[in-house]
Amino acid sequence: MAVEANFPLLILLILLISAFMMPVIKNIRTVKLFSLSAMLLSLVLSVFTFKHVSRAGTFVYKVGHFAAPWGIELKIGYLESIMSIMFTFIAALIIWASFYSIEHEVKEKNIGLYYTLCGLLIASLLGIVYSNDIFNCFVFIEISSIAASGIVVVKDNKENIKAALKYLILSSLGSGLVLMGIAFLYSVTGNLNMDYIHQELVNVKDLYHNTLIISLGLFTVGLGVKSAMFPVHIWLPDAHTYAPSSSSAMLSALVLKAYIILFIKIVFRLYGIDIVNSMPVLDIVLVTGAAGMIYGSIMAILQKDLKRMIAYSSVAQIGYIFFGMGLGNFLGFVAAVFHIISHALTKSALFLIAGNIIHQTHSKEIGSLKGIGIEMPVTMGVFIAGALSMVGIPLFIGFNSKWNFALAIIDSNKILFIAVLVASSVLNAVYYLPIIINGFFGEENIKDKVFRSKEKPVQVLLPELILAFAIVYFGISSKGIIDLITKSIAGL
Amino acid sequence: MKDEILREIGKFIIPFIQMFGIYVIFNGHLSPGGGFSGGTVLGVSLILHRLTEEPHRASTGISEKAVIGFMCFSLMLYGILKGYSFISGGGELGLLEIPLGTPGRILSGGMLLPLNIAVGVIVCFTIYTFYTLFDKGEI
Amino acid sequence: MKKILSVTLTIVFIGILLFALSECPEFGNISNPANNYVSHRYIDQCVKDTGAINIITGIILDYRAFDTFGESIVLFAAAISVIVVLNKSREQV
Amino acid sequence: MERLITNYYETASIILFGIGFMTLLIHNNLIKKIIGMNIMDTSIFLFFIAKGYISGKEAPIIKGAYKGVEGYINPVPTALMLTGIVVAVSVTAFALALTIKVYDKYGTIELNEILEKGGD
């Protein structure tokens, strides 16, 4: 067995054990560097894992001495290794960016614990992505929901505590539903490993047809609560608005995505797409996704608070992802996975920039951002890249994902939904473009503003600049990554 | 609490509770119980100590640093012990393993006993942390 | 209004779950799908594989040890979060 | 439908789940909401454990002579739910800690009053 096969488990162990060490380290600077270096090491190991996968194909790795179905195993294919690179890459950038901003938002005594929670969170998300055992996924889901609420509440304000409590109760409800779904599946198959459950399901799918529909429904609703699917997204705006901006970036870019990846794995690996397509669940997902696209955009237009607007935009973008999966065809899933990557890059950049803007101007209101483009041109440059990508302008990554959604809609013969896609894009433009226009143009907006007066030093903005570069780079050359995603979905 | 009777009875009964907790942890692989249940019993004994002792004496008994240190250290121990076993099993490296011994003896089951102890320590201090933080807002 | 809505929602929800249950295998029956080769191997080989005569301990600390590892991390994460939320003594530091 | 009566254990746990769910939805008091959440979790544990029961068999601890595969109940659900219980304890502890903090900041734990005072 190749050495690289050990790397996924090693990544989890490195992140977790480094997280265990952080609370006992006194020096905050050491904690920060330690956390970043653990994340970078994981990134390097993820890249090696990806190379191994592209050389040797999908592999399973048994955790401990016992093979599945008795032990727990990790299964790493293209999807998992791409997602692992993306998660560690974005997490490393967010942690790097947080070095300069975290002191303004979190009390000094809690900074060490904050990085502990971040390490636990990223490790648990990677655990959800890697694991091939449904109950093991549940355990990691619980770690991630506690750690995610922890990084919301770390900023000691009234609203944070309310938002975190709401998030915790709703996500605990969601994981309860997931556990119920696991119980139903276990009672009809007697297995917990996804591949083995699938083998058994093929035999018993006619005998227990309704049970299977209901358990898939439970998984959908449970994971939907956690990934802010439209009718059950109510925790998201509060949590994302009040959390420190690095936490918001992490929540929006990574935490929501891990549950969606798990959902994709459940659909393809656990049930099999044929069984799922014989059930009405994906149609419901399609409708809720489309409704979320419109609702999130409209709510975002109505907001006055910058971070709250971006949070509602997340609701809309998660709607896109569920919409793509709800189409039920192969291209729809490819578009959804591509949008996961595109949204993760874009939204993390936007939240980090929003944090910078709010810190420098001491104002959360969108209306007060007049002339900001003159005062902070580099910051606004990154914001423009993110905003244009969200709207779907060519040359930015968001355009490619919308293009893929359009192709998937045409392929699935549900042409009417193109209207939803276009409408949502127009609505996106309605709330992102005014910020840019107010920032740069209009005589009275920019008078008395001093060029670069509020800009942060460039090394502070470097993580955001890297994200902006990635947004443009993948916007121009997305062919390679789409091919990889196609292969990854086919290999599930 | 100031009550003399409670304190004296507490002093008498706490060692027995702790002994029972340790028994449950050490026999986890032989009978019902294990790290989680035994750790809870141990944690309860610490809480009882804190409830019955004078406040100033009890709070200096175990410092915050020690609690966090114990928790992190035993989790690290757990992670390293189990990580070793995961990697040696999953990578098929065939590294050295602790022999399983005779089933039914205390010193058997390879790594089960040290793992149970590590879990017990974690659970014990977590329960204690929860109680003290809920009670006074400090460890 | 809110109450009526909650009651209806709950009843619908219970109805759906009971509907699924009415198809499930019988309670306590030995030939249920859940009692298959997986659990038989656990019972049969546990002493030989792990050296534990308590099969539950054998499962949670050896066969499925990764779960238990995750479980202690859940406890740790909760302890850290509770410390973040409630600890006053660190404020003076 | 007669399956609901033979599966009385699971039926009861699903009804318990409904009780917990309704407690979560109806009450404004945060502590009661957390109690509802706990009832829900417990009902799921009962439901899951019931899947492992085989009538007339022993607990899976090999005391004395080994009775063969047919002599013991299915150990898997029990082992899984041990994990589940600890998870539920952690979530409850965290939620209660947040409730204490909510009381500190808002002076009440009734959700409707909190929403009024929150100002949004």
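Labels for the chains are A, B, C and D, by order of writing; each one numbers its residues from 1.
Going forward, contacts are C-beta pairs under 8 Å (C-beta built on N, C-alpha and C of every residue); 3 or more make two chains touch, one makes a residue touch a chain.
Owing to the predicted nature of the structure, the values given are computational and were not obtained by experimental measurement.
Just to note, of A-B and C-D, the chains joined by more C-beta pairs in contact are C-D.
With centres defined as mean CA coordinates, subunit B is found 37 Å away from subunit A. The centroid of the Cα atoms in subunit C and the matching centroid in subunit D are 9 Å apart.
If you average the Cα atoms of subunit A and of subunit D, the two centres end up 29 Å apart. For this pair, subunit B with subunit D, the centres built from the Cα atoms lie 25 Å apart.
Looking at subunit B, residues 31-32, 68, 75, 79, 85-86, 123, 130, 133-134 sit in touch with two or more other chains. Among the residues of subunit D, those touching two or more other chains are numbered 17, 51, 61, 76-77, 80, 82-83, 86-87, 90-91, 93-94, 97-98, 100-101.
For subunit A, the set of residues that touch two or more other chains comprises 16, 20, 23, 63-66, 135, 139, 142, 146, 149-150, 153, 161, 180, 186-187. Chain-to-chain contact here is organised exhaustively, every possible pair of chains being in touch. Considering their complex, residues 31-32, 36, 123, 130, 133-134 of subunit B touch subunit D.
For subunit D in complex with subunit C, the residues that touch the partner chain are 1, 3-4, 6-11, 14-15, 17-18, 21-22, 25-26, 50-55, 57, 60-63, 66, 69-70, 72, 74-80, 82-83, 86-87, 89-91, 93-94, 97-98, 100-101. Put simply, subunit D touches subunit B in their complex at residues 59, 61, 82, 86, 93, 96-97, 100.
In the complex of the two chains, the subunit D residues touching subunit A come out as 17, 24, 30, 33-34, 37, 40-41, 44, 47-48, 51, 76-77, 80, 83-84, 87, 90-91, 94-95, 98-99, 101-102, 105-106, 114, 118. Partner subunit A is touched in their complex by these residues of subunit C: 16-17, 19-20, 23-25, 32-36, 38-39, 41-42, 49, 62-67, 70-71, 73-74, 76-78, 80-81, 83-85, 87, 90-91, 93.
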